[in-house]
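Common to both upcoming complexes is chain A, partnered first by chain B, then by chain C.
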Partner chain A sequence: MKAQAKYSYHVEAVDGQERPRRFLEAFAAILEHSNYGPVLEHYTRVSAKCSRCTASCQVYEASGDPRDIPCHRTELLLKVYRRYFTLAGQLKARLYDYYTLTDAHIDEMAEEFWRCTACRRCKLSCPMGIDHGMVAHLARWVMSEIDIVPKALLVSVREQLEGKSKNTSAIPVAAIKDTLEFLEEELEEVFPDQKIKFPVDVEGAKYVFFPAVSDYLMEADTLMGNAAMMHAIDASWTVGTQNLDGIDYGLFYSDRMWERIIKAQLAEIKRLGGQVMLIGECGHASRSAREGMQNFIAPEDRVPVVNIMELAHEKFRQGKLKLKPDVIEERTTYHDPCNIARTGWIVEQPRVLLRHICKDFVEMDSHGVNGICCGGGGGTVSIDEIHEFRMMIGGKTKAEQIRKTGAHYVVTPCANCKKQVDEIIKAHKLPTNRVGLHDLLIKAIDFS
Partner chain B sequence: MEHWLEWARGPLFRASFAIMILGLLRVLVLQAISLFGLIRQAKRNQRKIPYAVVAKASLRWLIPVGKLFERRAVFSLTSVLFHICIIVVPILLGAHILLWERGIGLSWPAISMQLADILTLGAIVTGLALFVIRLSVMANRAISRAQDYVWPLLIVLPFLSGYLAMHPAINPFSYEASMLIHVLSANLIFLLLPFSKLSHMALFPATQLVSELGWFLKPDSAQKVMTTLHKENEAI
Partner chain C sequence: MAEFDVGNGTTVEIDEDGFLQEPENWNKEVAAALGKTEGVEDLVDEHWKVVDFLREYYLEFGVAPMIRKLCKSTGFKLNKIYELFPSGPAKGACKIAGLPKPTGCV
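Up next is the complex of A and B:
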């Protein structure tokens, strides 16, 4: 038996000994204290192995590899659950040589659960409503407790929680302040009469802004659009320098990290006396904040979580955000980030804005709640080692979808999707430009 | 043979049917207990359960018209027809209702013999088709366990034997032999049902709710897991 497995992603593992025992200990602890037990109990009983999910998984459709079938992957964990945590499994193990958790089985899980983009599209085609994304989330949590977690995610979380910068990209606060000043100057050049600001550490501001920190590095247009929109609606908002990163990779692999990150973010809101947690253009940051706030924070301490596109839409409907119609002449399409669209939370809001400002807005063939993942979901986009997999398998369907629309712009309001779609466009040589929603909104805002 | 038939139709049927009912009640009660726990916890944490979403999804799957041609159309259509046939015939067949009336004095309207014949043939054809699909489609094979191959065949057996028993002209076996197979295979299904994936017939109504509540995490679960695994002072 191998002491330490080699996966298609880097792992910063220290202890390769006795992994099956440690896996079962971690699994037992999680089942004992969490709500996942009843869910697995239910799934083991109802899973009929009908294979309907095969037709809704873009990874399986592109790879044709049986291990990418959502139900196949889920069964890996259910098998362990059935053997060690149900009466029937324990009886069977006593009666005959039933099944024993091995190192090889753990390796299989480590590989398969990180090929899933956790987009949860398969849940919609499962007659039994099995949430394979939730099972992947749980399996990754158990594995992370025995040190099996992609290094790319681990070092980001370490920096965010224990590093100096308190953000996943380890950008020093001074550098971020410089960036914001630079962006203010840029905005002044474009809108000399407006004095659009990025308020920093303003105590008592209503909205405390948490974009994905990568926006500070790579998405200047999105950030300027965010600031212009907030200026146009005359919002009281601020960026907090002690914790400004909306990213929460806990959603992808560990409830423990999820909780710690949302608590650190909330502490910053409380420090500034803010009332609303405003998330930038990012799917997983929005979902992890909204659900994390409900999951881990006591009711009396919670603050509302709002995605910036929701806010723009609300103000547009109220007439407080004025947008010039048909400003964008080129054909434009919209990519739905799974974490905000799958449950129907943010589907129509950005479309209302886009239909107003774009002359030629087109939809992809499968969109909205039923949208197809960019292929970088569930944290996989951060893992550079699997770039080839993300391009040719995970992102293949998305590339075809974008190409079919013939769009000049694909609006991608999520930090993860943005990186993945950029790479897809390059790898598949698509004649499309990837933008954020606010990159376009800024061109249409009517400040008068 | 007749004694065997009497035994299978009498005590054996009563025992297997009782085991099915009690077994299904057991899983239902267990499910209800855990669901009530989760709902109580959600209320304690002042969380809103999206009942409308759950109800809508459950109804869409109970009457899966919109789902038929969405994905895997041939398989989906076969599966839905199969379910309709195997639910309707055993419950609404005149001969079965007569047995219930004799046994416990309860009766309900029956479907016509012609319709019962058509639906029985439907159950046989779709059941065999499901078996063939499972065997021939690579994706199905990849996720199938032994029981997944056995179930469609086992379910077809009482329909096939029942049909043959009712149609002596095409029946190569004696009436008693066909009837014995009919009753024995049905009893076996009843007996195994609550312990197998077929228990989804009872658990189905709440399945969407379970998936929804699964994401309602216990507020202190992460902390407790950390303590149990002695990771309080562990750096990331």
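Up next is the complex of A and C:
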């Protein structure tokens, strides 16, 4: 029997029997073997349902739909927790014939938790400090255990973990090598004296490079900039052919997948004898690696996780990466990927570089830690069937922000945000060009 | 999954997004019929230049080429590719060339 409901996103045809029971069993198993229990215990007590979070949610701002109020959505899961996993809820259920989990409630969660872009901006205005993004992640995890998960994410994770290619875009090693050779030829055309290479499977290289694998299909300039920067700082680095994808969609919907993916990535670093996991221009790849390393890897096995913009910034400050000032004459602005900016991890580093190489760098009205999501966060950008929602609701505020800057370039150092911002520019007819940070950096590198 | 009417009395299987389910079922008639679903009424020589290159690359490497490589090999700039295929190289041109739906952040 197929799943009863039809959601805004595609799901694989799965067993739709006894979903409430299976949902609760999955939820119980997750609570038992994770530390989400104490968090939910706390949230069920403090959630004030005051809706102050609406002030900072770009989805709600655009839709005005009560379903998009972060604490309303969070309550959908807290209600289940309260009823089935607290003593008070269990008692109340017996005494007053209180709420029972139904298929309809599951369908409501399945729809609403995937309207959230998990950008966690609402956390900034929740007086009780509830992390609605984390609750969305947990709810999606429970649902994925009963096969309710967008097909676009599921098939990508399946290919990464069980497919031949070991990456989300199913790119065979031969194609990766062909692409790297092509990029080296492109680099040689621009910098004939430099011999800029993409080192492959170099054992003992310090940095093992994990860009979002989609860069190998879409982002020639970003990758060329990455290689040029690594060349300029004379770094020891390599691409590992057994596992080279920095993407980890587990961050969006399942700790179980998250753990399996980070472990496979780490195994490749160990195979090559690398010391540092170097993430390319990608927000969720950076956060999933950094937090995943802490959450799922034993302390003695961990390696440091560094985003390539952090490395470029560090070398620039040390004087080891020389950049010509004011090379970019057109007005330039910067979009903060939520997964690296919301905690303040990577906010200033790219700006230091951009202010140096750009003549006219401008900020969007709300940026940095308080930046507004592109509208494709939390895995939603990969779901093509919700394109209209991403353009007109999720990405509406971002489109207005970009337009207001009057910028020629919007720098968007994240594979998710790049795809979304490209589509926003087209849908909203913005006069702006989307680039990555290294797409501009490469124009300013002084190799002398 | 659904049956897609090629128009010459044959059908092929496509996925929810209209991509060919079995890339080996592709032929020029299928391409022309898929083109109509992506805003390309008639496939002219310039379209075929892109489609043929995608097809050849796919058969050799098992995946679409990097977009930059597609541009370089066909001599078309990216905006020209968008002119030819309004839904873009990944969703439009690749679909018409019979490639499976791209996965991941594409």
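One rule holds for everything that comes next: the second predicted complex is superposed on the first by the 444 of 448 C-alpha atoms of A that agree within 3 Å, B and C clash if a C-alpha of one lies under 4 Å from a C-alpha of the other, contacts with A are read in each partner's own complex, and residues count from 1 in each chain.
In the analysis below, contacts are C-beta pairs under 8 Å (C-beta built on N, C-alpha and C of every residue); 3 or more make two chains touch, one makes a residue touch a chain.
Predicted model, so just to flag it, every value in this text is computed and none were measured.
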### Query
Touching A:362 in the superposition: chain B (first), chain C (second), both, neither?
neither
### Query
Is A:190 in contact with chain B, with chain C, with both, or with neither (first, second, both, neither)?
neither
### Task
Give the label of whichever partner, chain B or chain C, reaches more residues of chain A.
B
### Task
Would you check which partner chain A:51 touches, where first means chain B only, second means chain C only, and both and neither mean what they say?
first
### Message
Going by the contact rule set out at the top, does A:352 touch chain B (first), chain C (second), both, or neither?
### Response
neither
### Task
Look at A:267 in the shared chain and tell me whether it touches chain B only, chain C only, both, or neither; answer first, second, both or neither.
neither
### Query
Given the touch rule stated above, what does A:38 touch, chain B (first), chain C (second), both, or neither?
first
### Summary
Per the touch rule, the chain C residues reaching chain A in their complex are 16-17, 61-69, 72, 90-91, 102-106
### Summary
As the complex stands, chain A meets chain B at residues 25-26, 29-30, 32-39, 41-42, 45-52, 54-56, 60, 66, 69, 71-72, 75, 88, 123, 125, 127-131, 134, 145, 154, 157-158, 161-162, 255-259, 291, 294-299, 343-344
### Summary
Contacts from chain B onto chain A in the complex sit at residues 27, 30-31, 34-35, 37-38, 41, 45-47, 53, 57, 61, 64, 67, 70-72, 75-76, 79, 137-140, 142-145, 148, 195, 197, 199-200, 203-204, 207-208, 210-211, 213-226, 228-229, 231, 235-236
### Task
Would you mind writing out the residues of chain A in touch with chain C in their complex?
10, 151-152, 155-156, 159, 167-172, 174-175, 178-179, 182-183, 186, 212-214, 216-218, 220, 245, 247, 381-382, 384-385, 415-416, 418-419
